[in-house]
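Step one of this worksheet: look at the structure below.
Going in written order, the chains are labelled A, B, C and D, and every chain counts its residues from 1.
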Amino acid sequence: MATIGLRKARTIIRKALEKAREMELKPLSVVVLDAGGHVIAFEREDGASPGRFDIARGKAYGAVMTGMPGSALRDRAEAQAYFVNALNGLWDGKMVPVPGGILVRDGRGNVIGAVGVTGDTSENDAIAGMAGVEAAGLTGEA
Amino acid sequence: MATIGLRKARTIIRKALEKAREMELKPLSVVVLDAGGHVIAFEREDGASPGRFDIARGKAYGAVMTGMPGSALRDRAEAQAYFVNALNGLWDGKMVPVPGGILVRDGRGNVIGAVGVTGDTSENDAIAGMAGVEAAGLTGEA
Amino acid sequence: MATIGLRKARTIIRKALEKAREMELKPLSVVVLDAGGHVIAFEREDGASPGRFDIARGKAYGAVMTGMPGSALRDRAEAQAYFVNALNGLWDGKMVPVPGGILVRDGRGNVIGAVGVTGDTSENDAIAGMAGVEAAGLTGEA
Amino acid sequence: MATIGLRKARTIIRKALEKAREMELKPLSVVVLDAGGHVIAFEREDGASPGRFDIARGKAYGAVMTGMPGSALRDRAEAQAYFVNALNGLWDGKMVPVPGGILVRDGRGNVIGAVGVTGDTSENDAIAGMAGVEAAGLTGEA
C-alpha cells in the first residue's frame, strides 16, 4: 500500500481512543496523515482544548516530513535546537517535535503516513497512538 | 447545547458520506468545526485530492467566523469581491466562500459550529452536508 | 489631543452600542484604535460571530493607515480593486475596505484614531459608530 | 454557561483595572477571550505601550488553546523550550507563555474563556487579572 486509506485511518483513531479510555488518559485528539503529510482523518474527544488539532497535526507532520518520529525529533531538539527551529520555520510553524508523532509503515517498511496524538503526557500520547496503529495491522515508529 | 460534541460530529460525517454514496458523488471530504471554528472531526474519502482538508475547513471556517453560510458568502463575493477578499486576508487565507460551508444551530437557533464539505460540485457538497446535519438532529443553514 | 484616550474610547463604544440597540441592529462589535492603529478598547455584543473583532479592527485599521474612511476605501476598491488588494497585502490582510471604518479627528482636524464597527449592514455600522464618536465630542469621517 | 458573555467580560476588565490602581501598578491592558479564543472585550490604560493588545491576547490565547494557564506554559517553556516555540509557530506567533494568561472556568469546571493581562510584572499582571475573574463570580487558573 502506498498510503494509509480512510478505513485503516478510522481504525487507528478508534483504537487509539479506546486505549486512552482504558488508560484513563485526559481527552485525546488523534490525526492520521497520508504519505504526503495531508490530513485523512481526525477526532478530538470532548473536553480537549481547541488547539489540539493543530498540535496533533504538528506532531504527525514533523514525523512524515522528516522521516523522524516524535521521540527522534525531541532528541534532536534537545541536542540541536536551532536545527529543529529551522525545520519549523520551513513549514510555517506547522511542526511539533515531541513524542506522539508516529511514523507509520506498511509490511515492507515503506512510510505510508503518520499519526499524531495529543492531550495527555507526550509519552502516554505515543502509547495510545501505537495501540491504534498496531490494531490496524500496521507498523508504527514512535 | 453550546457546541457540537464528538458524537454528533461523527454522525454528521457518517451520514453526509452515506448521502454522497447514495448520490454517487465524487469522493467527498467532510469537516466539523466547533462554535469557535476549531476542528472536532474530519474524514477524507479515498480518491479525494490531498488539499481537500483545507478546502473543507475553509468553507466551514468562513461560515462560523462571519455567521454567514456558504451560499451567502458566495453571493457576497459576487456582489462585493473586495470585501470577501479582505475577509480571506483577515484569516490567513483560511476562508473559502462557496456552498458547502454550513452553519449549524441547536434547537434554540444558536450557532454551535459549522460543517464544511468538498469534492463534488458546491451544490452537491451542500446537499450531502445538510443530510448529515439533519441526521444528527441539528439545524443547518447552507 | 494627540490620540484618543481610554475614557473617550469607552464613551465611543458605549454610545455606539446604545445607538445600535435603539436602531434594533444585529449584535455589533466596536473597536477603537489610536493614531498609530493600535487597539485601545473593544466590545463584541453577545450573539455576534467570533470573527467580528478582526473585521471591526480591519475597518478601523484601513482607515487610520491610509487616512481614508471606509466609504472612501470602498469607492476606491470598486474603482481600482488591485490597488486596495495591494494595500491589504502590505498589512498582512488586516484591512477591510468598507463603511464602518471611521476616521476620528480632534477639534483641530488632526487624526487621533479610528473606530471600526461591524455586525449589521456596513451603512448601519457606520451610523452607529458615528453616534459614538459624536457623543464623545469628537469629529468622525465615515 | 458555555462561554463568557460581554457583561461578565466588562466586570472582569473593570475589576482587574481597579485592582491595578489599588496596587499602583503600571498602566495595564486586559483582554477577555471566549472559549474559542476570540476577543470579547479589551481595554488598554492610558500610558500603556501600543503592543499591549497583542501581548495580552497572546497570553490569553495560549491558555485557552492549550488548556494550560500562563504559569504552566512558563514552566513548560523553561523545561522544554522547543515545544513551546513549536506551539507559538502553530498559531502564527499569537501565543505568549508567561503568567497573566488566566484560564476561566464556570461553576462546573468547564473552560469558558481566558483573560490576558500585561503591563506590570507577570506576577502582578496575574494578581490583577485574578481579582477581575473572581469579582465576576468565576473561577480562574493563573
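The rule we apply is simple: contacts are C-beta pairs under 8 Å (C-beta built on N, C-alpha and C of every residue); 3 or more make two chains touch, one makes a residue touch a chain.
Quick caveat: nothing in here was measured; it's all calculated off a predicted structure.
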item: Smallest count of steps, each to a touching chain, taking chain A to chain C; value: 2
item: Chain C-chain D separation of Cα centroids, rounded to whole Å; value: 25
item: Inter-chain centre distance, chain B versus chain D - centres from mean C-alpha coordinates, in Å; value: 31
item: For chain B paired with chain C, centre-to-centre distance based on mean C-alpha positions, whole Å; value: 30
item: Where chain B touches two or more other chains, by residue; value: 34-38, 92
item: Category of the chain touch graph - line, ring, star, complete, other; value: other
item: Interchain pairs in contact, sorted by label; value: A-B, A-D, B-C, B-D, C-D
item: Of all residues in chain C, those that touch chain B in their complex; value: 48-51, 54-55, 58, 74, 77-78, 81, 84-85, 88-89, 92-98
item: Interface residues, chain B side, partner chain A - complex; value: 5-6, 9-10, 34, 36, 38-46, 50-51, 53
item: Of all residues in chain B, those that touch chain D in their complex; value: 2-3, 34-38, 92
item: Residues of chain B defined as touching chain C within the complex; value: 35-37, 64-67, 80-83, 85-93, 111
